[in-house]
Every structure is written in structure tokens, then in C-alpha cells.
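The following blocks contain the structures, represented as C-alpha cells.
You will see chain A twice below: alongside chain B first, and alongside chain C after that.
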Partner chain A sequence: MEVLERLINVAMLVATIRTTAPILLVALGGSFTTKAGIFNIGLEGQMLVGAFFAVIGSIFTGSAWLGVLCGVTAAVTFALIFVVLVVSFRANEVVVGLALNILAGGMTISLMKAIFGTRGSIVGHGIVGLKPVHIPGASDLGVFGQLVSGYTPLVYVAFAMVPILIVFYQRTRLGLHIRVVGEKPEAAEAQGLSITRIRYIASLLCGVLAGLAGAHLSLGYITMFTENMSSGRGFMAVAILIFSNGDPLKVLAGCLLFGFSDALALRLQTFGFPSYLVLTVPYLVALAALFALAYRSRPRIVRETVDSMKRLMRIEGPPDAGAGRRNES
Partner chain B sequence: MSETLRPVIGQAIAIFIALALGTVVIMVVGESPILVFATLLEGAFGSTERIAGTLLQTTPILVCGIAACISFRGGLFNIGVEGQLFMGGFAAVIVGIYLPLPAGLHMLVGILVAMLAGMAWIAIPAFFRARYNANEVVSTILSNYVAVLLTSYFTIFLFKRPGGWSETAPILPSAYLPELFSFSRLNWGLIIGLALAVAVQLYFRHTSRGYSVSIMGQNLKFAEYGGVDIKRHIFLVLLASGAVGGLAGGIEALGVHHRFMEGFAPGFGFDGVIAALLANGNPIGTIGAALFFGALRSGSLLLEVDTNASREIITVIQALIILSVSAQILMRRRGDSTAAERRWKF
Partner chain C sequence: MSHAVELRGIVKRFGTFVANDCVDLVVKAGEIHAIVGENGAGKTTLMNVLFGLLQPDGGEILIDGKPIVVANPRAAIAAGLGMVHQHFKLVPSLTVAENVFLGMERGRAGFVDHKAQIAETERLSRDFGLKVDPTEQVGLLSVGIEQRIEILKVLARGARIIILDEPTAVLTPQESRELFQTLRGFVAQGMTVIFITHHLEEVMAVSDTVTVLRLGRKVDTRPTADVTKNDLVQMMVGRSVSFDRRQREPSTGGTVLSVKDLWCRDDRGLPAVRGVSFDVRAGEVVGIAGVAGNGQTELAEVLSGLRPASHGTFRIHGEDLTAASPRRIRDTGVAHVPGDRVVRGVDRQSSIAANILMGRQDTPPWARGSLIDWAVVRERSSEMMERFDVRASGPDALVKSLSGGNMQKVVLAREFSHDADFLLVDQPTRGVDIGATESIHNEIMRQRADGRAILLISVQLDELIALADRILVMFNGLIMGELPGDSVSEEALGLLMAGVQTGPDRAAVA
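After this line comes the complex of A and B, so read on.
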């Protein structure tokens, strides 16, 4: 019992929220591409270039936020290359995603060597990190105050994105279009939507959030860049996206699970468990979740398609334009 | 005529574009492209020893590439070759240290156990892919991380050589994979790899099960209507692929390092997957692609000595090649690309 108390306390919850933020950002980014029907294994690389260029931007401009902007720009560039090859050149999305991940790894290390003459990591050099946000009056709220105040800004952005994305997918035209393109491309075409255009938009939006995730890694709690510092978080995000089907609330639930296992792993190390074993925990949790929930993903897609089609019909389409198509399949 | 030449020309153009982009990248990094390419060539083929060094690097890439080819043929992505290599290498080393057997037999048992370990490592992802359609790309990638961490743990906490740093004791000489020449650690692994490439190619061409797998890779529905037991085949293809990944680890352990250590074989699994992609899943073509990447790797060692560029510049070039080839591949079979794409969706 005492062990449990030492394991699960306010500090642990705070740690969970902190470790959840980067994977939540990148997974929510991936939710755009997932909803648009693109399997985006390239999240890892987008996050990595985001982290690297955030540090570069921070050093050369002296501003953390301009650094974040640089990171986002780099990640969006990768997202653009991805979508050009996958959508316009119809290349295989797994192949392109993997190649971009490899490119990100090699590029960041090469540039690190070229700019700083070092291998391994960039520390110091005047990196400006993001300052923690202290919510006024939070210190009077005791435990609750500790839970909500004092994080770096991108943590708040990550959690705020969840309701924003729910509204985006449910209530906005673009959100609906993205879902229709992913679930029933034929219907989208029948509605006169440009699948290409929607997929480009979805991928670029994904790049923005993946870049923020990367920037949070390198300018959030630690202000440094290390080789391959995304360390598989992009792949875990893809695992979450597979079993959540990109639904923001389910993505949040999945990410909290990983944030918790990450935080638990860190804490177990302080109990003297060997770090090599403890570090496998988040990957094992990802694998277990992927396997356990694998069989559930398919029927849901079909059901949601019918729902969203009905909604689309009601909002704008001529009543029978897509209906015939639906019956066909 | 033009139909047979087109893919070859397409691939050549893609590699040319990639090298042009690579040149730009090298200039961005602040090096002379001519110097970099010359150094790479010099480092890869400059002397007999260096050629042997290139072939030494080629071997694991080739074997890993064949592992990837087997899965690609069945329309599956085994990206976990790296993890299977680590598990296979570790298992072979354990056999090499603790299971004294007559020379020759010891080596064979080591190789066999390496293959079994690779197979065991992919068995769970393979089962869930076959039975419940759990995406194998993600599950095999994630198991790479676990394999690397787990073997490091075993090495450092359970099997560490007394006085050594994060490495096991050396294996017994009876388990050594024999070397081909006295001046290099190049060993029989290369011959095994070449023979395996030919064998796998013949298997897919000339046996009925090989044909079933190829059909499954090209058109899942058609194979299903044709009476192919899809679930069983998916499972077996992934197991075979994992076994070959384990073999690559066994060759590295028994032929090159003669022990296991942290960072045992960095990136060979991924290079193999890329080589197989470049060869479009053809084992014979993978020989050429593996030689190309082996030369890049071998040349990059000199690159780091003679210039300020880091050796990772070659992974940039590799990635650029795959990106430009990926665009080309589908330009020449636009017709069935959507069907092929759907298969790889979750």
C-alpha cells in the first residue's frame, strides 16, 4: 500500500500530463491524415525535424517562439513532401513515410555535425526554452493548482486541441470533408470534392501539430536536441491512431495511457529497476493495445461512414447524389 | 522492347535525381560533392582490403534485405528485421558461449537457433496480423525498440564479461563462421546470403506455395477466390521473413563480432529493408542494392576520417533514392496502384 502511495501521487499525475503532451500533439496531428484516409507512418520523422529546427531557430533568433515556428515549418515541409509523393505521385504511403523518417534521422545528425561540429546532442549554445506558464491564483488552490499550473505552453496547446478537434470534425465543413474523403472517397468525388486538395490540407495540418510536438520535446522541459530524440513516439502515435481511428477523445485516452506508462517508467527507475527494462514498458503497452484492440477497428469505420453520409446529405448535397453510390457498396 | 526497358530507365532516372539532390545536401552541409563522392568511392573500393570491407558490410544488408523481400512478396511489411537481427545475434552468442559442441556442428546449431529466435520474435506480430489484421508495420517497428533494449539488458545485467563494458564473453572458436580470406573478417555469411537470394527467387518462381504467396502479394482477393488460405500464408510468410532476419544476426555474431555487445549491428535491418524496396522486392535485385548500400557504408567510414561530413550523409542519400524511386514505381503501374494501396491500409 505504501509502495502504491509512493507510486501514484500528485507528482505522478503531473508527470503523466507532461509526458502525455508530446505524444498527444503528434497523435492529434496524425488524426487529420487518419481521418483523410492516409496511413501516415512518417509522423516520427516530422516530429524529429520539428525538434531539431526548433532548437536551431531558438539559437539563431534568440526567441523560443520563433524556434517553435522554425520547427513547425520544417515539419510542414516534410508533410508536404509526403503528401506530394503519396497523393500526386501515388507512391506507397508506407515506403514514403519510412524513407522520410530515415531522411529526418540522417539529415538532423549531418546538420548537427556541420553546424556545431558535434555528434550526439546539442546542449547550451544559447538555446532559449519555452517558459512555464503560471496561472495566476493557482497556488491558492492547493493540489488542484499543482495539477493545472506550471506547465510549458505547448502542454496547454496539446490538451486544448482535443475539444477543438472534436468540434472541427463534428461541426465544420472542412472537418466533415476530411472525414468523407477518408471514409468514402467515391462519395466525396460524387459530391464534387477534390480528394487531392482535402488530403493536402489534412497532411499539412498534421505537419503543424507534429512540428509543435517536436518543438515541445526540444524546447519544453529539456532544452536540448539529441540524436533520434523522438525515440519512437511517432510510431506509438500511429499505434494509437490505428485503434482510435483518429477520434480525438479516444486519441486522448490512448495518449494518457502512454503518458502514464512513460511517467511510471521514469518513476520505476528511481526505485532501482534497471532502466533498460523499464524503458521497454511504453513500447510493450503500445504493442499490447494494438493487438488487443485490432479486431475492433473495422466495423466501426463502416458504421460511421453511413452516419457521416447522412449528415452530409442533410447539410448540402442533393438528396440522391451520393445515395446510389452508398447502396452499391 | 520499350516495355521492358521502361522500368530500368525509370529507376536510373530516379537514382540520378536522388544523387543530384544528394549533391545539393552535401553542399548545404558545407562540403565539396566531388570530394565526398570520391572519398566514398575510395573508401569502398580503393584497395583489396577495402573491397573486402565493403563486402563485409554488404552481407548483413543482403540477408536482411532478403528477409524484407520475403514479406514484400506476400504483400506484407516486415520493418522489424532490425529487432529479429538483434534477437538472432544474441541467441547465437548464447549458444556459442554455453553449449560446447564439436566444431562445425556448433556453428550450425548457433545459426539454427538464431533463425528460431528471429522467428520467435516476429511470431506474436505475425499471429495478430494473420488472425486479427493488426497492422504489422507498426507492431514490427515497435518490437525493434523492445528487442534492442532487451538484448542490452541481458548483455549488461546477466551475461556481461567480467571486467568488460556492456559486452558478453567471446564465443567458443568452435562456433565461428569460417572466414573467407586471411586479411579480412569477411566470412561465409556472404556465400550464405548469395545462395539464399537465389534460393528464394527460385522458390517464388518455381514452387506452388511460392506462387500462392506471390499471388497473395499482388492481389489478395484473387488469391482468396483461388483457394489460398490467406491467414495461414500471412503467418508463415512473416515467420519465414523473421527467421531470415534472425539468420542475419547469427551471421554477424558468429562470423564478425564473436560476441554480443550494445549497439550490435546498428541499422543493418533498416538498410536491408531499404535495399529490398529499391530492388522492388526481388531477391536477385537485392544483391545489387545491398552491394550499393554496403559500398556507401564502407565508404562513409573513410568519409568521416577524411572530411568533416558525418557518415549519416549516406543515410540521407539512401532516403532520397527511395523517395525518388517510390514516385517512379507507381508511375509505371498506375492502373493497379489503388488496389495495392488499399491492402496496406489498416
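After this line comes the complex of A and C, so read on.
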């Protein structure tokens, strides 16, 4: 019991919300492309350049928000290259996405070397991070206050995007058109909607959120950039998107699951578990979740088999199902 | 009476092929005008030119007496035209109202006013007698209702001249009749309807005027009351063709195929065939009727070994082949004419000879040892092309250069020359013109006379009535009933196809 209390408490929930934010931002970004019918495996790279250029922008302008803007611009540029190649030149989505991911990894490392002469990470150099937001009066609310106050701004942005996207897909013309283009492009075409234009918009919107996710990584709680900082979150987002079909609520649920296991992993480290084992926890959770989802289709098979066995045991079938059988006799 | 549409000397070429050769067409305002012709006669091309989907190489288009240039569908819609395509373009996850207003959403500032759209859909639905629930999700609706939504889409865009391309191809006879009533209603409200079809009964039943196209040219335009079905067939084909039930000797053979409580799932894992049982005897044609998508395709795939059965068995000559590979099933004596010839029937990129060779590449005299004897393959292919009336330059012609009918004859030539005891024939004349249909039907009857057991799956009722000794009707994965081929009414078939059982013992009569 005591162990459980040490594991699951307010601090743990706060940690979950924090670790969820970046993956939620990038996954919601990917929701645009998923809904528009583009398989966007380039999220990881967009997030990484977002993180890198947010730090660069922050150093050179001295402003955290201008840093965020730089990060977003970089990610949107990557998103633009992606969509030009995939939509206008009809290149393979996976190949282009992977190529851009590799480019992002290599580019950030070489630029780091060129600008700062270091390998590994950029720390100091006057990076300005985003200040946590303290909601006035939250400290009077006790536990609830702790839960809702004191995060950096992009955490609020991430969670606010969920209802915004729900409304976007259901009530706005653009949201509707993105869904149509993904689900039935020929229907869009027949009504004179430009598939190309809508896919461009979706991809650029995706770049904005992926850039914000990256900026949150490097200017949020820690103000530094390290090699391969996105560390697979973009790929996690892709996995979540496949299973959620880009629906904002399902994306949120998936991200919270990963955020929680991330936070759990950090927590377990304080218990003295070997860190390399603990770091596998989020991925084990991912595997388990995917397995559970795949397993859901099992009962249907079982049900059908039971059905036909029942029919065998019965002498007279139901009038509709038995029609084919009766004319045998 | 004024002319709603007038086409003058429309020419449309695709490369060297002339799809429309100087076609004139006059459609009077307020009439139902049927356009008939064999496949490849240029009906759809002509309508696509009228609707702005294709640009003509020559000729003039007049709408309401005024010459206009229809550069794209948008211009056509602005001129008051609307087209319901053969393949629906609806978005399954959206509601009826959202689909109706797709691309012209009501609302302000980028937001969609769902209430206004629903109200307007309701009004249109009431005014034109097209019953729909605007708030329902389209993915859950039947094909008949989907067509209503497509028509509503056209009406919502203010169309007064409505073009329908093969509107009844996917409907049950009852749904077709409802559609015709709706079309009559449109005309009563002063609108004009043009519809493309190859079902002559429909032309006779509903149209005021009929235009016949053949090989890209207009044969004639006549008031429907002045022509008979036979006149139309002669105009379409250039000679007379019989569509009556084929004469036959009663079959006496033993059971070849025996299916018992067979189940299988579709690609999404849902039950597609749900416990069907039947026998096919030697020298007998058993027809399977049903609206497309009620498990017929899956049944054919199970019987040819392409899809696993989830329960039940089927036997050929008593041998259980339920879990056998396609190869083993073929070797046991099954020939399969697949429903989708382009996907499973032929390799379009290969020659006719190579397509006829398929499946025999290990058998002498086609191959000696592991080497194929192409001289023999070509010679035999030429013989078969002659026998099955495949019209092409020679055995080396690529299959993709053939018309649908000739492609299908290549498949039949290969499959029917196997000496298989059981022929599984799925949609043998889909997209095939009348002349070729007749020769395919002749070939099926010849196989029957030779004592083959034949399972004929078709969505064309006249084909089943012409050929089948017994007709089983499938609906929703079940066999709804069996009708004897010599005394079947389209009415009874249609009810079974719609899932209505005419009586509890109907199935037991046979």
C-alpha cells in the first residue's frame, strides 16, 4: 500500500501531464495529416528541428517566444518539403518521411558542431526558457491547484488543442474538407475541392504543432538541446495516430497512457531499479496496448464459431438462417 | 416544345479511337430521354462531354437554346445541369446533410451551420419525394438510399436537367421502380431527365424518347411509344438477338458440387457467408442471384480456394476440398471464371497466349520438362481464339488492348478448355456488350450440354432467367430461397433479393 502511495500521488499526476504535453502536441499535429489521408512518418524530424531552432532562436534573440517562433518556422519548412514531395511530386510518404527524419538528425548535429563547436548538447549560451504560468489563486485550491497551475505555457496549449480540434473537425468547413479528402478523395474532387490545396494546409498545420512540441522539449522544463532530443516521441505519435485514426479524444487517451508510463519510468528510477530496464517501460506499455487493441477482434471469431456450433446442435434452424439448409432434405 | 439540351456534331477522340463520331442529340424540355447502346458505344463519353468532364474535339453544345462552352463540371452546374455518376461519391463517415452540401456548406466565417443544412435537406427531400433522414451517417445506409443522396446533391445545386449514368445497375427491381417514379415526379415539375442504360425494359417502362448509339455514332432518336424492344436491340447490335430462356434437355447427372453449412468472413472480418448449403449436379446450371455485396463474391472465393471458410464444408465428387489450395481445387476439376476479370481473370500486361497458358505451364504439350513450348502455346491459343470468337490481331496481342468482352472471352477460353467437371462462373457478362453476351451464353449452354456442373453467379436477372435451371437468391450471406428457372418472375426474385421471404416454406418447395 505504501509503495502504491509513493508511486501514485499528486506529483506523479503532475509529472504525467508534463510528459504527456510534447507527445500530445506532435500527435495532434499528426492528426491533421492522418485525417487528410497522408501517412506522416516525418513527425519525429519536424519535432527535432523544432527543438533545435527554438534553442537557436532563443539564444540569438534573447526571447523565449521568438525562439518558439523559430522552432515552428523550421518545423513548418520541413512540413512544406514533405508535402511538396509527397503531394505535388507523388513521392512515397514513408521514404520521404524517413529521409527527412534522417536529415533532421544529421543537420542538427552538424549545425551544433558548426555554430557551437560542440557535440552532444547545447547548454547555457544564454538560452531563455519559457516561464511557468502560475494561475492566480491556484495555491488556495490545494491539490487541485497543484494539478492545474505551474506548467509552462505550451502544456496548456497542448491540452487546449484537444477540444479545439474536436470543434474544428465537426463544425468548420476546413475540418470537414480535411476529413473528406482523407476518407474519400474522389468525393472532394467531384465537388470541385482541391485535394492538393487541402493536403498542403493539413501538412503545414501539422508542422506548426510539431514545431511547438519541439520547442516545448528544448525551452520547457529543461532549457537545452541534446542530440536526438525527440527520442522517438514522433514515432510514438505515429503509433497512436494509427490506432486513433486521428480522433482528438482517442489521441489524448493514447498520449496520456504514454505520458503516464514515461512518468512511471522516472519514478521507478528513484526506487533504485536499473535505469536501462526502467527506460523500457513506456515501450512495453506501448506493446501491451497495441496487443490489447489487436486482441479485441478475437471475440468476433469466437462468437461466430459458437454461433455455427449452436446451429449444428439445433434440429430446426431459425426461419431465415435455416432456409438454405432445409432444401437439402 | 423547346430544347433543354442540343448537341450538334459532337466529336471526341482518344488517340486514334473515335468515341463519339459527329453525334447529334436533341433532348426536349420536360421529357425523360433514354440513351442506350452497347458498352463502348460512346454513351458515357457523350454525357461526360455534356457535363464538362471531357472536352470535345468538335461540335457545339446548346443548353436551353443558347450555345455554351462547358469547360468543367462547374460551368455545367451553373448552366443547370446535374449528373449522378455510376459510382457514388459519398463520404461514409459524414451525415446525409453533410454529404448533400459538401463543397457548398451553409454557414459563416468558416463554420458549418449544421441546423440550416439539415433543414434544407429535409425540405428538398420532401419537395422531391426522396425520403432520407438528414442526420444519419451515410456509411450505414443501403445503396438505394445512397443513390437518393446523390440525386439530392444534384438538386441542392439547382439542377434542372439531370443526367443519370446507369442508375439501376446497383438497385433491386423494387428500388428501380421507386427511382422511376421519382424521375416521373421531376418531369412533372418541369425538369428534364437524361438517363443511360442498357436495360431495355427500363427504356420501355419509363422514357418518353430514346436515342440509340452504336460504335460512337447515333443510330436514331425515336419516341419510345413507336419502338419495340426488338427494334432497339436491332438498332444497338445491328442484327437481332434472342434473350429468351434457352431451350434445354432436363439434366440427369449425379451431384458434382456439394456445399454444407458454409460460412466465411469478408475482408473486414465480418461474416459474409452465413451457413449456405446446396448441390450442383452434372448437366445443370445453378444460378446465384442477389444484389452485389450480399456474399456472392466471398462464396465464389471460398469455392475456388482464395478465401478460407470459417465453418462448414464443400465437396467435389465427394472429396472434401474446404481447406485445399486453389491449385489442388483446380486439379480436382474446377474451372473458375472470376467476377473481377481485371484483378483475377487476366494479366493485362501479358499476351493472350500467355494468359491462356496460365495454369498449364507444367503440363505437356504446353511445356516440355520445365521449358514452355511457345510454338504450341501460340498454336493452341489461336485455335481457342477462333473457337471462342476472341477478336484480336493474334495470340501475341496484349490483353490490355482488348475490349471487356474480348478479355472475358480469353478467360472463358482458358477456363472452359480445362475439361473440368465443375465450372464456377462469376458475373460472366459484366460490362460485356450484347453480341459478346450472346456468344458467352451460348458457350455456357454448350458446357451444360456436355454434362458439366455449372454454378452461375450473376447480378443480371435476365441472364439467370435465360440460363439457370434453378436460381438460389442470396441476401446478407444467406440463401433466402430457391426458384425453379423455368417459372420465375422478376417480382419474386426481387423480393428475395431485398431480403423478404415470400412464405415460410418457399425454400422447401424445391
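The rule is simple: the second predicted complex is superposed on the first by the 291 of 329 C-alpha atoms of A that agree within 3 Å, B and C clash if a C-alpha of one lies under 4 Å from a C-alpha of the other, contacts with A are read in each partner's own complex, and residues count from 1 in each chain.
One rule holds for everything that comes next: a residue touches a chain if its C-beta (ideal position, glycine included) is under 8 Å from a C-beta of that chain, and two chains touch if they have at least 3 such contacts.
Because the structure is a prediction, the values reported are computed rather than measured.
Peer 1: Who does A:Thr172 touch here: chain B (first), chain C (second), both, or neither?
Peer 2: So A:Thr172 only meets chain C here.
Peer 1: Determine, under the contact definition given at the top, whether A:Pro136 touches first (chain B), second (chain C), both, or neither.
Peer 2: It touches nothing on chain B or chain C.
Peer 1: Based on the superposed arrangement, let me know which partner A:Gly192 touches: chain B (first), chain C (second), both, or neither?
Peer 2: So A:Gly192 only meets chain C here.
Peer 1: Touching A:Lys184, do we find chain B (first), chain C (second), both, or neither?
Peer 2: second
Peer 1: For A:Met107, decide between first (touching chain B), second (touching chain C), both and neither.
Peer 2: A:Met107: touches chain B, not chain C.
Peer 1: Quick one: classify A:Gly126 as touching chain B (first), chain C (second), both or neither.
Peer 2: A:Gly126 sits against neither chain B nor chain C.
Peer 1: Check the residue A:Val238 against both partner chains and state whether it touches chain B (first), chain C (second), both, or neither.
Peer 2: Only chain B is touched by A:Val238; chain C is not.
Peer 1: Using the superposition described at the top, determine whether chain B or chain C touches more residues of chain A.
Peer 2: When the residues of chain A touched by each partner are counted, B comes out ahead.
Peer 1: Need the overlap of the two footprints on chain A, from chain B and from chain C, as residue ranges.
Peer 2: In chain A, positions 297 sit in both the chain B and chain C interfaces.
Peer 1: For chain A, which residues count as touching chain C in their complex?
Peer 2: 171-174, 176, 179-180, 183-184, 186-193, 297, 300-301, 304-305, 308, 311-312, 317, 319-321, 323-328
Peer 1: Which residues, counting only chain A, touch chain B once they are in their complex?
Peer 2: Going through chain A, the ones touching chain B are 37, 39, 41, 81, 85, 89-96, 98-100, 102-103, 105-107, 109-114, 117, 119, 231-232, 235-236, 238-239, 242, 274, 276-277, 279-280, 283-284, 286-287, 290-291, 294-295, 297-298.
Peer 1: In the complex formed with chain A, which residues of chain C make contact?
Peer 2: Residues 73-74, 85, 89-94, 98-99, 102-105, 107, 110-112, 114, 260-261, 263, 265, 269-271, 274-279, 310-312, 472, 478-482, 501, 504, 506-508, 510 of chain C touch chain A in their complex.
Peer 1: Could you pull out which chain B residues touch chain A in their complex?
Peer 2: 25, 28-31, 77, 79, 124-125, 128, 132-135, 137-139, 141-143, 145-146, 149-150, 152-153, 156-157, 270, 273-274, 277, 308-310, 312-316, 318-320, 322-323, 326-327, 329-331, 334, 337-338, 340-341, 344-346
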